[in-house]
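Next up is a structure, given as C-alpha cells.
When the chains are written out, they are named A, B and C in that same order, and each has its own residue count from 1.
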Amino acid sequence: MKKLFVLLFSSFILLGAMAQVDKGNLLIKNGTVITITKGNLEQTDVLIKDGKIAQIGKNITAPAGIKIVDASGHFVMPGIIDAHSHIALDGINEGTNPITPEVNESDVINPFQIGIYRALGGGITTVHAMHGSANAIGGQCETIKLRYGTFDPEVLKMDGAPRTIKFALGENPTRSHGEGSGIVPRTRMGVEFVIRQAFTEAKEYSEKWNQYNKAKLVKGFRGAPPTYSYRHEVLSDILNDKIIVHCHSYRADEIYMMLKVCKDFGIKRIVFQHVNEGFKVAPELAAQGAMASVFSDWWAYKFEVYYSTAYNAAILAKNGVVTSINSDDGEMMRHLYHEAGKTQKYGGLSDEEALALITINPAKQLGIENRVGSLEVGKEADIAIFKNHPLSIYGVPMFTIVDGVVRFDREKDPDDMRLVVDPKQAIETATFRDKLSDQDHCMEGAEFILDSELFNANKK
Amino acid sequence: MVERRFIQRITGGVLALLVCSFSLFAQDEKELKPVTRTYAITNVNVVQAPGKKVDMATVLIKDGLITAVGKGVAIPADAIVIKADSMYVYAGFIDGLSRVGVTKPKEEVGRDRVKDPGNPAPERAGITPQNDVRGSLNASDKSIEDLRNIGFTVAQVVPYGNLLPGQGSIVLLSGKSADQMVLVSNSSLYSELSGANGVYPNTTMAVIAKWRELYRQASQAKSYQSLYASNRVGLERPGSDRVLEAFYPVIDQRIPVLFKSEKMLDAHRILTLKSDLGFSLIMADVKEGWPVANKIKASGAKVFLSLDLPEEAKKDDKKSGGKSDKKADSTKAKEVAKPKTAADLERDALEKRKSEAIANYTTQASVFNKAGVSFGFSSLSAKPKDIPANLRRMIAAGLSEDAALAALTTTPAQLLGLSDRMGTVENGKMANLVISDKSYFNEKAKVRYVFVDGVMYKLEVKEENLPAGQAGKSDPNAKVEIEGSWSTVTQTPQGSNDGKVTFKKDGSGYKGTVSGGRLPAPADLTSVTLEGNKLSYSYSLSFGGNSIKVDVEATVEGDSFKGNASIGLRGSFSIEGTKNPKN
Amino acid sequence: MGLLTAIVCIVVLRVEAQSPKGKYGNVALTNATIETITKGTIQNGTLLIVDGKIAAVGGNVSIPSGTETIDCKGQFIYPGMIDAGTNLGLNEISSVARTTDFNEIGEVIPQMKALTAVNPNASAIPVTRVSGVTTALSIPTGGMLSGTAALINLHGYTPDQMFAGFEGIVLNFPNTGRRGFFDRRTDEEIKKASDKALASLNDVWEKATQYQKLDSATKGKAGYYPELQALIPVMRGEQTLLVEVNASKDIQAALKWLKEKKVKKSILTGVAEGWRVADEIAKSGIPVITGGVLELPTRDYDRYDKAYANPGLLKKAGVKVAIKSESNNNNYRNLPYHAGFAVAYGMNKEDALKAITIIPAELLGVANKLGSIEVGKSATLFICNGDPFETKTQISHVFIEGWSMPMVSRQTELYNEFLKREPGVKK
C-alpha cells in the first residue's frame, strides 16, 4: 500500500504540469482472444507497444525486457465500455434549470473516487461519465478512460473522443422542474416544448451572429454584436453535429417524439439511454439510425419503466438498432459482462452479439469505435482478461489493462486502494444503499434541490 | 435569555460611559495614543530578511518608517526606547488571503424560495464582483487583534460570498476605520468555486460555466464600450452592467483574480479556467497543492498556502491499544494483552494511512519550496492561535526556518507587489515589525511587540489570569460534559447579572447559543472549545455599528464552571455557571 | 422433446393467450439429471409428482399408467429456489407510493402482517417464478419492528393459497451505517440516533417481557396491546425474529443483544459486513440470510470484491448461510446470480446452491416441504437445461406444489408481441 502511494506520489511530481498519459508495453501470452469483430482465437498472444495493440498472433516473440501477462486458460477481451455512468464526477445534476447545455462534466472530473478502481475490477476500461437527467437538456458529458492512479483529472479524459451531451425526457425533468419548482415542463408536452424552444432560440442566435459577422466584413460597418451566450453556443454546436446527443428516455411515445425533434432540427447522431420501451419503437429507431443503450433487466422502480421487458436489448438488436448495455450504477458496472449475458437468457443472443453490447456497440455510441471496443492491431490496448468465459456467471476479471498499463491485477492489488485519505478520520462509517429509494442514478444531486426547495416551501 | 440582558447591561454600561465621558473607547484610544512616533528598539537580534541577521543591533522607527537598522545607531532624544535585549525582530508578516475584520453578512440570502431557480438575480446567485470589501470592514473587530498578536501586520481581505463575492483590499492590521486600514484598495477580484444554494449556478460545473460566460461577456462588453467611446456615431448606447464592469480591470490584467483553492481538484479546475481565459491568478489558501506544485509553477499563478493543517495524529494511540475512548467497553482491559485481531490490524493500517495523509499536508510547504515555487501563506481557514504551531509542524516536516520566514514576509510582499514597502527590516521600509522574546519559530517564543505602520502594540505575556479560589485546577486530561443548558451569574460593576448559555455537540466539537430577552434573537456562539476541563467560548454583539466580541474562559468542575468573561479590551468580569437539570 | 415443448407452448399460447393458468395433475419427469440437494445427484432419473407432492424419485421409478410424462433428456431438475429477502406481492412500483404496501407508519408495528397485503396478481410474481424462484419471504420494511414477514409460494389466488408456512417478526436493528450517498449526518448524529433507537428497542422489549408474563398469569387476558401481543411468540421462542443488521459494529451489538435478551429463535439478515465479524457470528450459532451479493463494499477502503466474497467467508467461518437477492427492486429473478457470484468469488458451489434451497427452508422451518427433492416433499421444483447459476441457462418448466406454471410473464408477452412488430415503420 505504501509502495503504491510512494510510487504515485513520485510519479505525479515528475509528471508536473502536463497531462501525460502512461502508455505501456506488454505481451499477453496464450489466452483465448475474443476479438469481437474478428472471431475468437485460441492460444493466442497479444503484443502491446506504446499503449496500442501491435500484433495478435500465436507464439509472438517477447521483445527484450517486456512485461508478460500469462493468460493461459484465460479469456482476453476488449476492455468493457459503459455508455452510461456517473462515476468520477463531482456533481451530476445542475438541476436548477431545464436547459443547461453549457455545464460540462469535463470541468468536474474527480480521479480519486474508489468507484473507478472498482469498475476496473469489473473489466471496465472506458466510461461515459454523464450529467444527470434532471433537465430536458442537461450538461455535456465526458468520455473517460479508467487510468486509476492519476491525481490529474485531465489524465482520465479520453483525449479526442467526440463531445456528448445529456438530454432527458419523461418523469425526471418533469419532476425536477414542473413538480419541484413550478416551471415548465411538468408534462411530456412541456419537455418537447422546452427542447424545441431551446433549439429554435439557438438557431436565431447563430443567425444573428452570422449576420453580424457578415456585416462586419463590409467596410465602415458600425454596430453592436449580439450578446455572447455560452448556452446558445453549445446548442448551436449540437445543431451543427459537433456533439452526440445521449437522451435519457423510457417510454415509446417520448422516444418517438425525440426522433421527430431530431428530424426537424437535422440532428443526426442520437443515442437513447435506458430506453426501456425502445423495443416498442425499434423499427423507427433503426430507420433513423438512432442507437440505444439499455439496462439488461431493471424495471418497475418507477411508473415509466413498469411496462418493461428484459428482452429489450434482444428485440432492439434483432431489429437492427445498435444497442449497448449500460449500468448507470457503480455496482452494476462491475459486472456488465454478466448483464450482457442476460441477453442470452432473454432473447438468445450469440456470444458475439452479447459481447458486442458492452464493447464495440457502446464504442460506436460514443464515436470511439475506431480506437477501442475490439481487439485489432492499431487499436488502443484496453483489455480485460477473464478467468472463465466473460458471459459465464463464473467469469472473473483477473487483469484490466488501459493503454497497455495494468491498472487492475486481482492477485496482486492490495485491499485498500484509495488514492487520497481523509486526514481527519481513519475508520469510515459504512454506507448501505437504501433500497427503498431505488432509482436510476441520474437524479443524484437534483434530489437535494428538490428537497431543499420543498423544505423551504413548507417553511413558508 | 438573561445572559443577553446582562450583556446589554454591560455593553449598555459601556455605551453610557461612551456618551457621558467620551467613553471607554475614547479612553482606550487616549491610552494608546503615543507621545511620540519615534521608537528605538535596542540590543535586538534583527532578522532583516530570511538568512540575513544582525545580532544585538538597533532598529529605529520614525513616523511610520524604518529609518535605521544596525549597530551603533544613534538614538534620537524623542525616541521611546524599547530594550529588546536578546529578543528577535522580524518584518511584519503578510497574509495573502483572510477575512480578518470583515463582517459576515446575515444569512438572509439563500433562504428565500426563488420563483425561477434557473434565472436568479445576480446577488442571489452569488455574483457580486462589484462589491468592495471596504464596505464590510470593521476596524474594531477582535479578529484583527488576534491575527496581529501572532505577528501579522498586513492582510489581503475579501468579502464573504461564494462565486464572486467582490473585490479584495490589502489592509494594515491597524487603524480606526476601514479607510485607515486600507493599503491597497481593489487589489484583486475574489472568487470561490462554490455554487448558490438551490439556484443557478448550483454545482461546481455550473459555476465554472457561468464564470466562462461572464468573462467572455465582459470582454465583449468592454471592447464594445471602448469602440463606443472612440466614436459614438451610429452605435447603440452600451448598457451599464456592474457585474461585467467589475471584470474590466481583470481583463486588462490590472488586478489578478484571487481564487480560494483549498482542494486539490479546485486547483486543477482553477488552472483550467486560467488557461482558457488568460487572467492573472493568485491561488490562495491552498491546502492540497502537493500534487499540482509543478502545474502551478508552469502556469505562472501566484500561490498562498494555507496556514491551516489537519490535527496531528494522536501519539498516545498505541498506549491505549489504538482504541478511541468512545468504544471503551468492559472487554478493553483484557484485549490489550491479547495478540492483534484482524480488526486491530485493519485499524492499524488505516491509522497509518491517516497519518501518512496528514503528513502530506504538513510537508506541502516543503514540497513547494523544493519544487522552486515561491509562495506566501494565507490564514483564511486557520485559527490564529494554531498558526505558530502549524508553522513549527511545517518546519519539522522539512521546511527551513528561512523559507518559512520568506513565506511570511519577503515572498508575499513580492507576490502582492509590495516589496518596495515591506517584507524586510530595512531602512526606508514601512515600520511593520514583529518582536518575539525568542526566535519566532521556537516553541516557547512569545510575541512581545508588533508594529504596524509605526504604531506600537505591546503584548502582555499571558499568565494564568484566573484569580486563585475562583477557578478550579485546569486539567487537560479531565473529562467533563458541557452539553446542555447552563445558568450563569456574572459579577459586574453594575452588580450581578444572570444569564443562560446552551452547548450542543457539533461533530467533534461544540456549538451553542446565548439567549437574550431584550435582544431579538439568541446569538450563536462563534466558537466553543473544551480542552480537558478548560472551557472557552465567544460570541459577538453589535451595537452602534461596532461588533464586540465577548470571550469567556472558565474551568469546569462537574456541573459548574468558574472563570472570566472579557469584553475585548474593555474589561473582564468573573462568571460562574451551573448546569440546568435536563428536562 | 423440443418439438413437444413447442407444441405445448403453441397450445398454451393459443388456448390461454391472455391469462394462462397453472395446471394441476400427476406428472412424471423422466430421463432427468436430478439434483436433490440433500441426497446427491441422480443421473437419468425419474421424478413422479402425485397430488402435488414428490411421490417417487430415482433411477427406477414405475410410472402409473395414464400419468402425463415430460421427457427431460438433457435436462436438470432442481428444487425451487427460495429468496428469503423480498417484498414480493407488497410492491408494484417502488417509487409510486400508492402501489407499495411494505412500509406501514410506525416504529413498533410487529402486528402488521405482510401476508394480508400480498397481492397474488403482482406483476413481479410471474416474472420471478418463470426464473425458477418458486418461494419468497415477503418482508415489510421501515421503522424498527416493521411487521410480520410471510413466506409465500409464487402461485395462488389468495394469500392463504400462497402461504408457505412461515411467519417471522422483522427487527431493523439500530443502524450506525449511512443509508446512502444522501445521508449527510455526522458520525455523532448517527451514533446518537442509533443509541436512541437501541434505548427504545430495549424499552419495547422490557414492556413485551412484562406483558408476556402478565399474559401467562392472566391466561391471555392481559388486555388489548397489539404491538406486544405480536411479540409474545418471539418471547416464548415459538416464532423467529428476523434481525436486519449490516454494519460490523451493529452485528456485534445485535449478537450481544440477542444473547442478553435470550431470544431463542433468531436469524440475522442482510449482514453486509458479516465477513468482518464472521467468527463472532459463527460462535453465536445464529444463522444468517445474507444478500444481496451483487453489492458494493460498504467502505471505500474495503477490498473491491468483499460483497461478492461475503457469503463464502461467512460459510468458511462456520456460519449457516442462506443467500437472498436485493430487496425491493422487483428483480428477485436474479437470486441464482447472487449465489453464482458468491461462487465466482470463493464460495463452494454446493454450499451456494444449498444457500438458496435447503438452508433457507431449514431456517424458516419449512424443510419438511421445501428446499430439496425428496419423497414426500412438495413438488416445488423447476426443469432447466444446465447449471441454474449460469446466466444463459433456460428454464422450461416450473412446478409449485404440483402446479405446472405457465412459462409466461408480461415480459415474455411483450417480447412475443414486439420482436417482430406488426405493422413495422409503415402501417
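Definition applied: contacts are C-beta pairs under 8 Å (C-beta built on N, C-alpha and C of every residue); 3 or more make two chains touch, one makes a residue touch a chain.
Since we're looking at a predicted model, the values are computed, not measured.
> Using the definition of touching given at the top, classify the network of chains in this structure as line, ring, star, complete or other.
complete
> Mind having a look at which chain is the central one, using mean CA positions?
Of all chains shown, the one whose C-alpha centre lies nearest the global C-alpha mean is A.
> Which pair, B-C or A-C, has more C-beta contacts?
Most contacts of the two pairs: A-C.
> How many angstrom lie between the centres of chain A and chain B, each centre taken as the mean Cα position?
One centre to the other, that is 43 Å.
> Any idea how many Å lie between the Cα centroids of chain B and chain C?
Result: the chain centres lie 59 Å from each other.
> I'd like the Å distance between the centres of chain A and chain C, where a centre is the mean of that chain's Cα atoms.
Computed value for the inter-centroid distance: 34 Å.
> Residues of chain A that touch two or more other chains: which are they?
416, 418, 425
> So which stretches of chain B touch two or more other chains?
In chain B, the residues touching two or more other chains are 350, 353.
> Going through chain C residue by residue, note those that touch at least 2 other chains and give them in order.
187, 301
> What does chain A use to touch chain C in their complex?
Touching chain C: residues 114, 117-118, 121, 279-280, 282-284, 287, 297-303, 306-311, 314-315, 318, 330-332, 334-335, 338, 341-342, 344-347, 388, 391-396, 415-418, 425, 428-439, 444, 447-448 of chain A.
> Looking at the complex, which residues from chain B come into contact with chain C?
326, 342-343, 350, 353, 505-508
> What part of chain B is in contact with chain A in the complex they form?
Those residues of chain B that touch chain A are 111-113, 115-119, 197-206, 208-209, 212-213, 216-217, 220, 224, 231, 233-236, 238, 264-265, 268-269, 272, 291-295, 297-299, 310-311, 347, 349-354, 356-358, 360-361, 367, 371.
> Once bound in the complex, which stretches of chain A touch chain B?
Touching chain B: residues 1-2, 5, 9, 12-13, 15-17, 90-91, 93-100, 102-105, 107-108, 110, 112, 139, 151-154, 181-183, 222-225, 227-231, 416, 418, 420-427, 445, 449, 452-453, 456-457, 460 of chain A.
> Across the complex, what residues on chain C touch chain B?
186-188, 191, 276, 301
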